[in-house]
Amino acid sequence: MLLVQILVNGVLLGGLYGLMGLGMALVWGVLNVVNLAHGALIMLGGYLTYYLFTGLGIDPFVALPIAALGMFVIGYCLQRFILNLIVRSAMLNTLLITFGLSVVITYLAQLLFSADFRTINPTYSGANFAVAGITIPVVSLAAFVIAFVLAGAVWWLLNEMTIGRAIRATAQNLTAARLYGVDPRNIYALTFGIGAALAGVAGGLFGILTHLTPYVGATLTAKSFVIAIIGGLSNPFKVILGGIVIGVAEQLASLYLGPTYIDVISFGLLVVVLVVRPARSLRAA
Amino acid sequence: MSAAEPPILQAKGLTKRFAGLVSVDHVDFSLARNEILGLIGPNGAGKTTLVNMISGTLRPSEGELAFKGERIDTLPSYRRAHLGIARTFQVMKPFPGLSTLDNVAVGAMFGTGGGEKSRAKAREKAREWLEFTGLGNRLEASADSLGGPDRKRLEFAKALAMEPELLLLDEVMAGLTAVEVDQVVELIKKIRDQGVTILVIEHVIKAIRSLSDRVLVLHHGEAIAEGDPATVLENPQVVEAYLGKRRA
Amino acid sequence: MIRLAIILVGAAILACLPFFTGAVFMQFAINALILAVLTQSWNIIGGFTGYVSFGNSTFYGLGIYGTAVAMVKFSLPFAVGLGCGAVLAVLAALLIGIPILRLRGPYFAIATLGLAAATGALVSTIDLAGANTGLVLPLVRADTMFYELALGLLLVCTLTVLWIATSRFGAGLVAIREDEDAAATMGVNTTAYKVIALMMSAFFTAIAGGIYAYWISFIDPSSAFDPTLNVRMVIMAVFGGPGTVLGPLAGSFILSAVYEVLSSWISTAAALLFGIVIVLAVIFTPRGIADVLVGVRRHGWRYLTRNIRENRL
């Protein structure tokens, strides 16, 4: 029974992980930028939701779309006015500049929000129900459902909408994108904005499920990284699946080996995946 | 040259499959010392795959490959380079951040027999090969600043600096003007006169006609004709598979 | 050789510094020298070979623990301890390098990213290594000695990098960085070269770790295998100019000093400004400050806007 409970916890947690990986994978796949500020954006989304809730009294789940919109604007501006300046530079430079941005965001957050722990704590945060003896926390379930809905939305955007086709065309070939009649600067900014919006939602949910500090970004970036690699960059649902794999693996590791091994497990999995299928290109939009 | 000398390169039943698709299908051929063999065929016929197997970039799925009588089909690329096999790439691969001189010096430092151990001497040799290929005035230019024809010359110089016995040329004339093609044909003849055996992949039929001692035609991965250029290029099967398609 | 002269004169001047400065400065200087060694070591695998390693803090941690365990648990002298740490790290580089150096580009970077955290977690379960609580080394108060040791190591490491920059071996590494397939078909034994480069990088990194361990005299897994340290190596090398001999030195000295000055002025905002410096540096000097000297001489100050024009969308 304990095992089943652990598996359920892992799967539910994995949905949130998948959502974290989703924005990372989208930006990576389309822009070929490994965004080391992704975790910091998740953190920022978390604080945005927190202040919408505590400051304005907006229910966190209602605040999520507002936070997402805010994060979209921030993401759009970051790409349009900063990252677009260097996108044709070496890969190392995009790593470096996004790392620099993550440092800036982290310490701005420390100045603005202080280093104290914050939890988004609505009245129903502890609510749960039981199915066949298995406890299911309501908020975790909601996070899981939201992750799938957003994965579906991303899939629909990329495959069914004109703007999505433009994004995919840009990912394939910048010149081709110009022929498509779109301005790649705008497409890049839109894509990064969407990635930031997804990070924002993930951050809000993260803030409800655990707690926020300005420094969680680095760990979350690393986690999103691993998930994007395991899930691949081409299919949003596979990214969620990648999140679930990590969620379950972490829960099992923490049960059988102890919590120290959580990080060893996710990175061990990562290395195995990379070494086993090195030839397969992840970048296929 | 004694009659008993093994061919420079001998392929028996050479085959490459990619996930079920056969790219090169049981191809047999050999190259005698100091010969120029033209390898032609429509796009996707498996020409570059064949060259990749000879240079070691790809491992054959089946078949044997011998260089001067020694099996080489399981050797890594660098060992084949040390034995004396050099190639150019269809999609040119200069070392973009290095000067032309440093690009070519890499060939001199690591080529046949492991190359020239002294970096200074290697650079001296590189300078000579750049003169030979007509890039003597662009020694310090960075490789990614070169235009198309100069890039091709650089590919040549890099391969030649390895002082190979066998040189594999993958579409070195694509995109050149008629005058430039003539220059490259002359260059290839000059290289052969130095005792190098050459395999040329080319779409420019005029060049193949004037260069090759023999021509091998690939179609859908199979060798469909082999012989002297005049005969092969008139072969109806070849005309249909290759020339006919190009005319259409 | 102008570079050799600069290195030797610079080392001679730095060697005299302890006789004119105070204890506070020595603290800063030893830290800065160790960081410079780490940056220069990273330069071998990251700058010359083009493999962006985030696994170097693993080698640092192994150097720290190799030295500490040898000295604390086996009462071996410091020099032997350093050797143990170095052997451990070089062996690890060999064993890890063979599978992981098959990965290219970002995949290699990511695969190495978790290495330090994972090794740290493993070390924290080993009783011989003090498990979670760490180890306490015999305390010596000899900052001048540690300073000169770190400086000597930096000198040897930099001379090695100078040799790489001018040797056939280094030309092979650079060829791998520029185009690995082309390098292999031109006769470079790419696997051996990459693994040797990683082992060299691991060697100097581990010795630096050993010196740090004895100097700081208390170690634990989370500080020894700190992944953010690796990020600093990368930033300092890239800021200075990866794949050059003097660039990473300049990068690490400048950034160490900037950070020190910022944190003494305005302690809360120091990290924030550090982040801004990185962002601006990538935008205006994407090839490192080593390239700025050349670029500004050739193009004047328009060099800076030229970089943006080249790299923007």
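First chain written, first letter: the chains are A, B and C, and each begins at residue 1.
One rule holds in what follows: contacts are C-beta pairs under 8 Å (C-beta built on N, C-alpha and C of every residue); 3 or more make two chains touch, one makes a residue touch a chain.
All of these numbers come straight from a predicted model, not from anything done at the bench.
J.: Specify the contact topology among the chains shown, as one of line, ring, star, complete or other.
T.: line
J.: Could you name the chain whose Cα mean is nearest to the mean of all protein Cα atoms here?
T.: C
J.: Which chain's C-alpha centroid is most distant from that of chain C?
T.: The most remote chain is B.
J.: Between chain A and chain C, what distance separates the C-alpha centroids? Give it in angstrom.
T.: 31
J.: Distance between chain B and chain C based on Cα centroids, please, to the nearest Å.
T.: 42
J.: Could you work out how far the Cα centre of chain A sits from that of chain B, in whole Å?
T.: Whole-Å distance between the two chain centres: 48.
J.: Over in the complex, which chain B residues touch chain C? Could you list them?
T.: Touch list, chain B to chain C: 55-57, 76-78, 80-82, 86-87, 89, 93-98, 102, 105-107, 109-112, 114-115, 117-119, 122, 158, 162.
J.: Inside the complex, what are the residues of chain A that reach chain C?
T.: Within the complex, chain A touches chain C at residues 34, 82, 84-93, 95-97, 99-104, 106-108, 110-111, 174, 184-185, 188, 218, 222, 225-226, 229, 260-261, 263-264, 266-268, 270-271, 274-275, 278, 282.
J.: Going by the contact rule at the top, pick out the chain C residues touching chain A in the complex.
T.: Contact set of chain C toward chain A: 52, 99-100, 102-107, 109-111, 113-115, 117-118, 121-122, 124-125, 228, 231, 234-235, 238, 242, 268-269, 271-272, 274-279, 282-283, 286, 308, 310-313.
J.: Residue numbers of chain C touching chain B in their complex, please.
T.: 166-168, 171-172, 174-175, 177-179, 181-191
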